[in-house]
Amino acid sequence: MTMSLHSDRLFPADNHTRQIARQLYQSVKSLPIISPHGHTDPGWFAGNQPFENPAALLVQPDHYVLRMLFSQGVSLESLGIRRKDGAAVEVDPRKVWRRFAEHFHLFRGTPSRLWLDHVFGEVFGLTGRLSAATADQYFDHIQSCLQQPEFLPRALFERFNIEVIATTESPLDDLRHHQTLQQSGWRGRVITAFRPDPVIDPEFEGFIDNLKQLGEITGIDIQGFDDYLQALRQRREYFKRFGATSTDHGHPTANTQDLSLQDKRELFLTVLSGAATADQAETFRGQMLTEMALMSVEDGLVMQLHPGCYRNHNQALFENFGRDKGADIPLQTEYVQALRPLLNKVGTDPGFNMIVFTLDETSYSRELAPLAGHYPALKVGPAWWFHDSPEGMRRFREQITETAGFYNTVGFNDDTRAFLSIPARHDVARRMDCAFLAQLVAEHRIDQDEAMELAYDLSYRLAKEAYKL
Amino acid sequence: MTMSLHSDRLFPADNHTRQIARQLYQSVKSLPIISPHGHTDPGWFAGNQPFENPAALLVQPDHYVLRMLFSQGVSLESLGIRRKDGAAVEVDPRKVWRRFAEHFHLFRGTPSRLWLDHVFGEVFGLTGRLSAATADQYFDHIQSCLQQPEFLPRALFERFNIEVIATTESPLDDLRHHQTLQQSGWRGRVITAFRPDPVIDPEFEGFIDNLKQLGEITGIDIQGFDDYLQALRQRREYFKRFGATSTDHGHPTANTQDLSLQDKRELFLTVLSGAATADQAETFRGQMLTEMALMSVEDGLVMQLHPGCYRNHNQALFENFGRDKGADIPLQTEYVQALRPLLNKVGTDPGFNMIVFTLDETSYSRELAPLAGHYPALKVGPAWWFHDSPEGMRRFREQITETAGFYNTVGFNDDTRAFLSIPARHDVARRMDCAFLAQLVAEHRIDQDEAMELAYDLSYRLAKEAYKL
Amino acid sequence: MTMSLHSDRLFPADNHTRQIARQLYQSVKSLPIISPHGHTDPGWFAGNQPFENPAALLVQPDHYVLRMLFSQGVSLESLGIRRKDGAAVEVDPRKVWRRFAEHFHLFRGTPSRLWLDHVFGEVFGLTGRLSAATADQYFDHIQSCLQQPEFLPRALFERFNIEVIATTESPLDDLRHHQTLQQSGWRGRVITAFRPDPVIDPEFEGFIDNLKQLGEITGIDIQGFDDYLQALRQRREYFKRFGATSTDHGHPTANTQDLSLQDKRELFLTVLSGAATADQAETFRGQMLTEMALMSVEDGLVMQLHPGCYRNHNQALFENFGRDKGADIPLQTEYVQALRPLLNKVGTDPGFNMIVFTLDETSYSRELAPLAGHYPALKVGPAWWFHDSPEGMRRFREQITETAGFYNTVGFNDDTRAFLSIPARHDVARRMDCAFLAQLVAEHRIDQDEAMELAYDLSYRLAKEAYKL
């Protein structure tokens, strides 16, 4: 069995449309990768050490893979995921890999399958399909590759033709890896992004301690709201020194606020005391988004909002294994009322740039396209997470474009910690955008020359400009 | 005019994709029918008497047909639907049939049209299109068929190649028809399913009386919550004796609860006293879903949840004609918060299997696929009721597959009381699944051999396994 | 560069399906235009004066165009939109036109682009694509056309083959232009429609004054609810004299009420006193929809409901420039519970006809199709505003048809104040309906002769009948 890595993959079946898609794709497939938002580990590039083994590289850190296997009865223990209580889990990476290979059919029709096949074929040069029968052959081949210098993180970075990649760090991070990188002389551009959830969300694990740590790092004695804002301002400046051009915010809702100064100060004291109710915490988060927006006007950082996820839905799994194991579930998310306070404050400010994402596709045509198609500061981020997939991308373009056009969107984000899948993900996005544009051309809704220009914009230019890269 | 029963119906227009769809369909079109959820009358198979006439068979019991005719000004009286007040209604089945035939164009573009044409063509061998002009010819032909032995219920069951069919009964039902069937020696497999709404929903018509009846049937004096659970447990066992492998729950929302034992006992007493408020009734229903789930862990019955319908929206129609006359309307339905108490209790228990349906398609990609793509116990039921249609099925696969894969779905349910349409409905589902798979193959997203295996799984194997049949 | 005005535009790429679409379209493309709902200025047809200049005709009044330009940083001042404070704005229409032309690429993939290209090509005979380079040529050509008699409003009306067009007026309007038209001897049929928001929405600007004015116009001293209803009844009769066959209601939600007479009378007094809370205002609006429905039963006017828009979301823009500048944003909208009081009152009354629209596409398959597929009085209006677009129309048919059929929809509304775009909009609708029908034929879901009949119905007959034109 060969794997499905056909050169026409994801292009429309209709022959005429497919030919247009091919032409468009030819013009963009080799463009450098702009990766303005993601979760790769900067330590990989700073240290440039070999990746450990196929399971540790491709199975254990991938929450898409874990959730699918878990949903079909494969325990996380049997996949070698460390338990918090230290109880025994599988330690042999080959056994983990075999378990994964035996269940590879589960991924039929999912983007994980497309990404993995791309990694197997394009990165490792494998040709048969992964299965129980080929598991060991795959394992051995990948394992031997990983020992070679051309599979070290920096070599892959260069081979992947990455022009720039952003990682994501907490304000409490000292950015040591980014410091190392800056001093290393390596030309790969790895920048940070400012993700302040741990110090602006009163319900974040360890919030009060985090504030203390923020005070220590900045040398500011955080007694009141003004001190607190000052400390945040200082950290934003620090992040900018390591290339940051954006902030990112992962709130449960898109709620924003515009309280009076006195209300803000009082609310902060309540929050600082640890006595905030759930409602007060939500109000505080909402106000802090507006504060972050105001700081963005000052310092030019592009603001990203990723709302609407119920984190750690499975309580027992969270207690045994911690975060990011595939148990986060999207929630219905309202934007029109929620973003109004912030947008009325800075939505038309030429110095402000905001990119909003959603896990609730119903908001595409009803809320986000109309908002982004009006407010100069607002753009819609690409199809995100569960929707970072061929059908998800198709729905995104079909539901966003007619109201917001192409130019109120910002190209593609891979948003991943799975470093090897980055070229695969950008390739899927480029193919799907070319397929969408090809249909518009085939139906005489835009002209071929416009589609060529758009293919370039969606694959490269818009991301670069929207994130000021 | 010929009717639209083309051998390529529902296959994609693109020639290459259509050829793939044809091949896939050829491999599954003759597989036996697994009908794990529906509302056929077990009395038909127990008694094996001729169906009465075309109107009584194909028009009067079909709420899809009634609602469309009613929406265009055809009164239920003129269709011979019995009024509760005994006022006169049309009694001549031929006149009812003519009225239906005159309005047959209303069904253009609806699944009812596909199902009816299939019944006319495949079951009765009719070839012209139904219209005012052909009404009598149709009526006479069908009427004469119904008198023949090969159109008796058991003969049709065999001709339809039904491997197993589940009916749905209340815990208060004595299952006499299933008893008759068991003793009959007939080899057709007709099983029951346990639908306890009448005794677990405090707002169900006659709830208090139903509880009394439950006590009488089981010989348990239901004074408290523990007696009540015991009575339910006993009825579940009784249903299992008549083949039941599943329970079904038709609640207004997907709300579940996990109360303390004391709270449960107190709430039950309030409910038993008839004094429960609407909120308490909702809490009780939610708790009872969790109790049913716990019993499923014990006795192995697969749990089905069909939430989110506003029953009897048209008050006057309900008063004049009763339930199930086409006046039920879907509601927005939330699953993420609602199911969490139940899923946190038993969602990873290997002994628990739950199948959730929805009338709110917005939950497919946002809630149900992410939930089913994580919790081992949870699977997503097929496109239901208003969405049991070509476009509905297409949206289901497009919005579910990328996150939950194919293997967290459970094949097709016909969910019908329209016995003759069962082959038609399964045929539409098989065609649409093959069309979807053909597109994946044509776009090189899966391979042909995988599509063949999936076509079999979606048409036959998954339903059989999910329902333990 | 030529513009994208291909004769096959919007038809499916698949050759066989495209041929069916062409045939269907040939049969309907020249049918007269029925425009039962819109916002053209009756003064144009009454006065029959030349349109001023290209910017004033095609840019400044078009909120779709304004919002897109504004979203990409083009100020409304630079487009010559009058500020309320009288501050300077661009006064040279040529400069406004150039600004628009420079940004024309923003409209790629939007319906505005399709409409504008149609106007440029079909109305003005222009052939190159609009851009910075061709801006002046476009301006001069259009400007010179506008001075010619064949570009006067009545001449265009006739050239556009408009059989009837409805404008929309407030009950406080004296309908002077419609009077002029009635007396003019011109055969063009321009009728009014009754839009009572200013006198039934307690939160409408100047509501109390509006009520006073209503009393003066009707000669009724509005002291209580009964006087008020009488005044409204009188104005409806007045509107009928100028051809009105419909009312229209632009409420924030679809909420309806059915209060007791005493409650209505008391609520009206509160509302009249100006002391109504937001909740009371909402209840009053809901009750007034039911009252309007009851009057429709009496006087036969067809009732239209357009709910679910957050008007003037951008507060500063509203203060500087006023309404309808592209800052209205759709809201999630619930219909099932909201419409029940009204539908239970008159939803099966043969004398009542209601057409409901939505900006929330999630309601199509979940709420509106099921409601319209049951209640005889209710029909679903076409894809509206942000969804009046190729993809929007496709989703409308795909999500409505299977449950409500074609005959519970009402053809197309252009809903526009952009007079020149009316043929373009109807053409897009006809093309998209033919494309949809062609797919049904190609997939053997309906027959060719049925598609021909449906194409006629959707393009012409249904609008005419639904609006009693």
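The first chain written gets the first letter, and so on, giving A, B and C; residue counts start at 1 in each chain.
Quick note on the criterion: a residue touches a chain if its C-beta (ideal position, glycine included) is under 8 Å from a C-beta of that chain, and two chains touch if they have at least 3 such contacts.
This is a predicted model, so every value here is computed, not measured.
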Turning angle required so that chain A lies on chain C, C-alpha fit (0 to 180°, nearest 5): 120
Chain copies touching (chain A, chain B) - same or different residues, decided at half shared: different
Chain A and chain B, separation of their C-alpha mean positions in angstrom: 40
Sites on chain A at which at least two other chains make contact: 12, 14, 362
Chain A-touching residues of chain C, taken from the complex the two chains share: 1-6, 8-15, 67-68, 70-73, 105-111, 113-114, 129, 310, 313-317, 326-332, 359-362, 386-387, 389-392
Touching residues (chain side chain B, partner chain A) in the complex: 12, 14, 16-17, 334, 336-337, 340, 343-344, 347-348, 350, 362, 365-367, 369-376, 378, 398-399, 401-408, 439-440, 442-447, 449-450, 453-454
